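The structures come next, written out as structure tokens.
There are two complexes below, and they share subunit A, which is joined by subunit B in the first and by subunit C in the second.
Right, the complex of A and B next:
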């Protein structure tokens, strides 16, 4: 047998396997107008709409019930409102905007499921059911009226042709709960339209159900704190450009000029990220995950500056420094002044107490840890769990544990299980 | 021991090329094909052991982690790989295989049928029932267990290239039957029966030293779930590529 045949078998095997590998993509089939305001969906209408709805048409795709919530992003003094619908099926969600092309209360947009690539268009009209008859909703609900969203959804770019009917059932669960989105809103590997740890992802986060975000902090060669998760520049996170190696080996200027995240965005600085949170979103919590070794004073200075700005603008916004390792804890201990520097400890309860961290965040793989969580809460600490994505465990953690919030890549699913919880 | 690699697949491919090249060089001086006077030991080659005869092998299997799950970290995860086969008749035999990393193990029990098609070409069919279990109890990190059941029907073609060298190609369908995972007192179960993925295996078996024989091969699994990575709790409804390199000494 000649070596040629062995090489041929190996080469053909490789080619066969490469040919069999499917490329996964989930492009958004809808282009948002981004127009400011909310059209005919006035504040009372939006408020009346929020709630848990029973699904009658579309149960197979989206489950028996869904949660509806309005969010908005800010652009200067302008606000743009979006309707989110959270489904318990396969981390499904809808992102919808008001349809200004019609003279009625209509939203349109797209739906997506995060665990796979399923997506499609959707269009829903708001009506009210009065005495068994569906009528146009005029903005006022009489006793006995029920809100109904009636319309259709489709698959991919196809026109929506499958009926979808949502009937108001009850208000959203009002219990305060932190829905924290991993990597500023979601992972790049979940095929979202924007990249993880980008400004666009921060703007998208609340539409995915998040009330807060976790972002990953690294330093450039010239000491600029930026948002980036991995140790290396790699094609998982950035577009191909010939650059490789540790991100810390590049200056901010080099990264800003030469590197684009996979969906085309620039790698943001920590200051740009906090500016976006503060001025463009309604997010109320930012978890700065320290992915670097070294002094913490620069991050502390930025955290304190934006804390002051949030207070000055009367924004309900907590910015906390995460301490995932004993090295990070030591860097925190080494700070000359720890005043107004809230930290979140991922370490054990003893270290968390010794740091006087106001937030404790254990891994979800340790289970609900009921007793420890209660003890920490009794001492005035907030307790979050990370990074929980398994759908059935999300449901159980919300129903059977007493955490104050969950960090997840699937914030729509956390939002769903939290809002429908009774 | 876990090997950190930039590209597990590249290393596996390189390993394949180097090892197959070495085998090829070793075969250059082999005389023309002669029908074997006796059964050649082989774990993968589709030929039943003689009735009542036992075949055994022990080795290692390395699995490369998919980047979709472990992101920039690429691991080549080793497991001890033990095979045992017992001949029932001229064509039928039983098989057992244990893969273990101590904290997680996989036991496959199966029955196989193999028959010669021509003097050099053999074919076989079989099905393995699999039970796997993992437990991770690490302070401040894990309090988790998981286990599951799978079934793998497979078809095998074997070609005896020379008197001593046997080449095997196997294709498998990986069926999920049951999964249960616990963290602390919480548990989730999935008992849906579904096709989890497929796998293709190439194996070479030949004499190694004196009366000893070795198995050397590549298995390429393309599946949604891989039992070895249960503790990473991936939730993607997508198939990932799990390349494996294995070798074993037939005892």
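Right, the complex of A and C next:
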């Protein structure tokens, strides 16, 4: 019997170890060329392409309709354009660039679903349907022509072999609406290719559908405001390096030298983050979520400096300081000069009014709060809701046209429901 | 080998059921089981103190963009354990101590940076001699024991780079160990133990090989 028992103990130990090692990953199967410009996708073509499309091939994977929108990032004087496709299925999105290797209007890239690890390659060619026949799109649409994106998608690294056909249906919903991405674009835990609260995530945010971002502010031991969400250095946010404990116990130089975020980025300072927003993106809203206790004057100074720069460069950009707690509200009240310091209050309506906050942002679990929302809007305030990731409620809140914007970890999903709303 | 987690879980449950059934059958066929005898043997509190060598086999994340990297994965751990030895073979107790995990030294921007990580386990430990596998009180299996435990780990992190930071955090974790104990007197024994600490929150794991003094401190 002895060998059996030894085998049993060994087997159980091995199985226990194996069971503990499950790891989830969703590596991007596509490498972007990073070439600047938009190739053959000229501004009129890009403008014509944006809209809600009906999905014929690929309904099972991406739903009956999708929303297409072009975005771009800036690198100095260079502009790089990307095509995003937002799906209502499992927070799915496509991230595509123009394919310069072919002599036609083709985009290629990858798709991903944020609620799981599903991802794959995609390649789509832009055509026009005229008299029932697909033709190459020359850049101008005649009466009766319909744009069609035809191509294929695959799973993982496999070559795309599943047909995907998108047919233009109608323009995007033009109603102004703030699509605010949590943690500068998305969560590290959603297995995005870049880390939350990083400069790379800020650059990615627009491609995920965001028109604005929320970033988390903490201070280092030597008083440098940085972007970091949690109280502790931990493996959820940073690569293993042996450093533990509260982030506030480390100086900026120590963090900058020894700490890397999960996907290899450095922890950015607030100034680096706002510089990136201002000079590299088209984002028009930044919500500074104050995740610290203490005076607000340093954050205010940075906010005001970048506000001035945005005005000087004629950039449509609002930078507001979030007040999530009564301590933060007190810190705001203690500021010597509150001029040109817009704040966003997450507290109740009475406190929000007493602070004269121009933006009220209640937690979504409090419900639609239609009367309070209407009252605050009637007083000229903007009302956002946070942090809403439930597809059913995102759809409901958008259809009710109650809030002026939604903060979500799934900005592609908010973008989808907003743009397809009629 | 296994295709998914579910398959592994099923196999695990199957083996667990087989083990339980086999153990029960074994107990039923043995006439002198310890826990049902009328006369209860003395209980004892046994104090174990040990030290030895540790080796950290897990991944160490030395930051990029640094020079002159020197990593030390070994250290000298110390353990203290207090166990209750009842009149049956499953023993329970508490374990603590100090175990170095790893240290590294790098040069960054012309400055030396030193990081040392260690842990203080505070664990509930279960231990059992292997005699139930084979036989008599004098057998080798009687002197071999396996231990398992779970509880908290205090992970200490000491950084020296443009100032010192001494930080710590808590994590849950577990341990597994195997030991051989050699009697050298009525109350004293010497043991050697190979132990595996696993710390969940920081993905740390460490082997230790220790020489231990075992003292039957109190008997009643």
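To be clear about the criterion, the second predicted complex is superposed on the first by the 402 of 422 C-alpha atoms of A that agree within 3 Å, B and C clash if a C-alpha of one lies under 4 Å from a C-alpha of the other, contacts with A are read in each partner's own complex, and residues count from 1 in each chain.
Please note the rule applied: a residue touches a chain if its C-beta (ideal position, glycine included) is under 8 Å from a C-beta of that chain, and two chains touch if they have at least 3 such contacts.
Everything numeric in this text was worked out from a predicted model, so none of it was measured.
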**Request:** With the two complexes superposed on chain A, say which partner A:243 touches: subunit B (first), subunit C (second), both, or neither.
**Result:** second
**Message:** In the overlaid three-chain picture, which partner chain does A:295 touch, first (subunit B) or second (subunit C), both, or neither?
**Reply:** neither
**Touching partner for A:90 - first (subunit B), second (subunit C), both, neither** = first
**Asked** By residue count, is subunit A touched more by subunit B or by subunit C?
**Response** B
**Request:** Identify the partner contact of A:397: answer first if only subunit B is touched, second if only subunit C is, both if each is, neither if none is.
**Result:** first
**Request:** In the overlay, answer first, second, both or neither for which of subunit B and subunit C A:232 touches.
**Result:** both
**Item:** First (subunit B), second (subunit C), both or neither touched by A:223
**Value:** neither
**Message:** Contacts for A:364 in the overlay, against subunit B (first) and subunit C (second): which applies, first, second, both or neither?
**Reply:** first
**Message:** Contact-wise, after the overlay, does A:251 reach subunit B, subunit C, both or neither (first, second, both, neither)?
**Reply:** second
**Request:** Mind working out whether A:115 is in touch with subunit B, subunit C, both or neither, as first, second, both or neither?
**Result:** first
**Message:** With the touch criterion stated at the top, can you tell me which subunit A residues are shared between the subunit B interface and the subunit C interface?
**Reply:** 1-2, 5, 9, 13, 16, 22, 232, 234
**Request:** Would you mind writing out the residues of subunit A in touch with subunit C in their complex?
**Result:** 1-2, 4-5, 8-9, 11-13, 15-16, 18-19, 22, 232, 234-235, 239-246, 249-251, 253-254, 257-260, 264
**Message:** For a test of understanding, state which residues of subunit B touch subunit A in their complex under the given definition.
**Reply:** 13, 16-17, 20-21, 23-25, 27, 67-68, 71-72, 136, 139-144, 161-162, 165, 167, 181, 183-186, 188, 200, 202, 218, 220, 222, 231, 233, 235-239, 241, 243
**Request:** Write out the stretch or stretches of subunit A touching subunit B in their complex.
**Result:** 1-3, 5-7, 9-10, 13-14, 16-17, 20-22, 24, 90-91, 115-117, 189, 229-232, 234, 236, 347-348, 362-369, 389-393, 396-397, 400, 410
**Prompt:** Tell me, which parts of subunit C touch subunit A in their complex?
**Reply:** 2, 5, 8-9, 11-12, 15-16, 18-19, 22, 26, 59-66, 102, 104, 108-109, 113, 115-117, 133-134, 146, 155-157, 159, 161-163, 165, 167-169, 176, 201-203
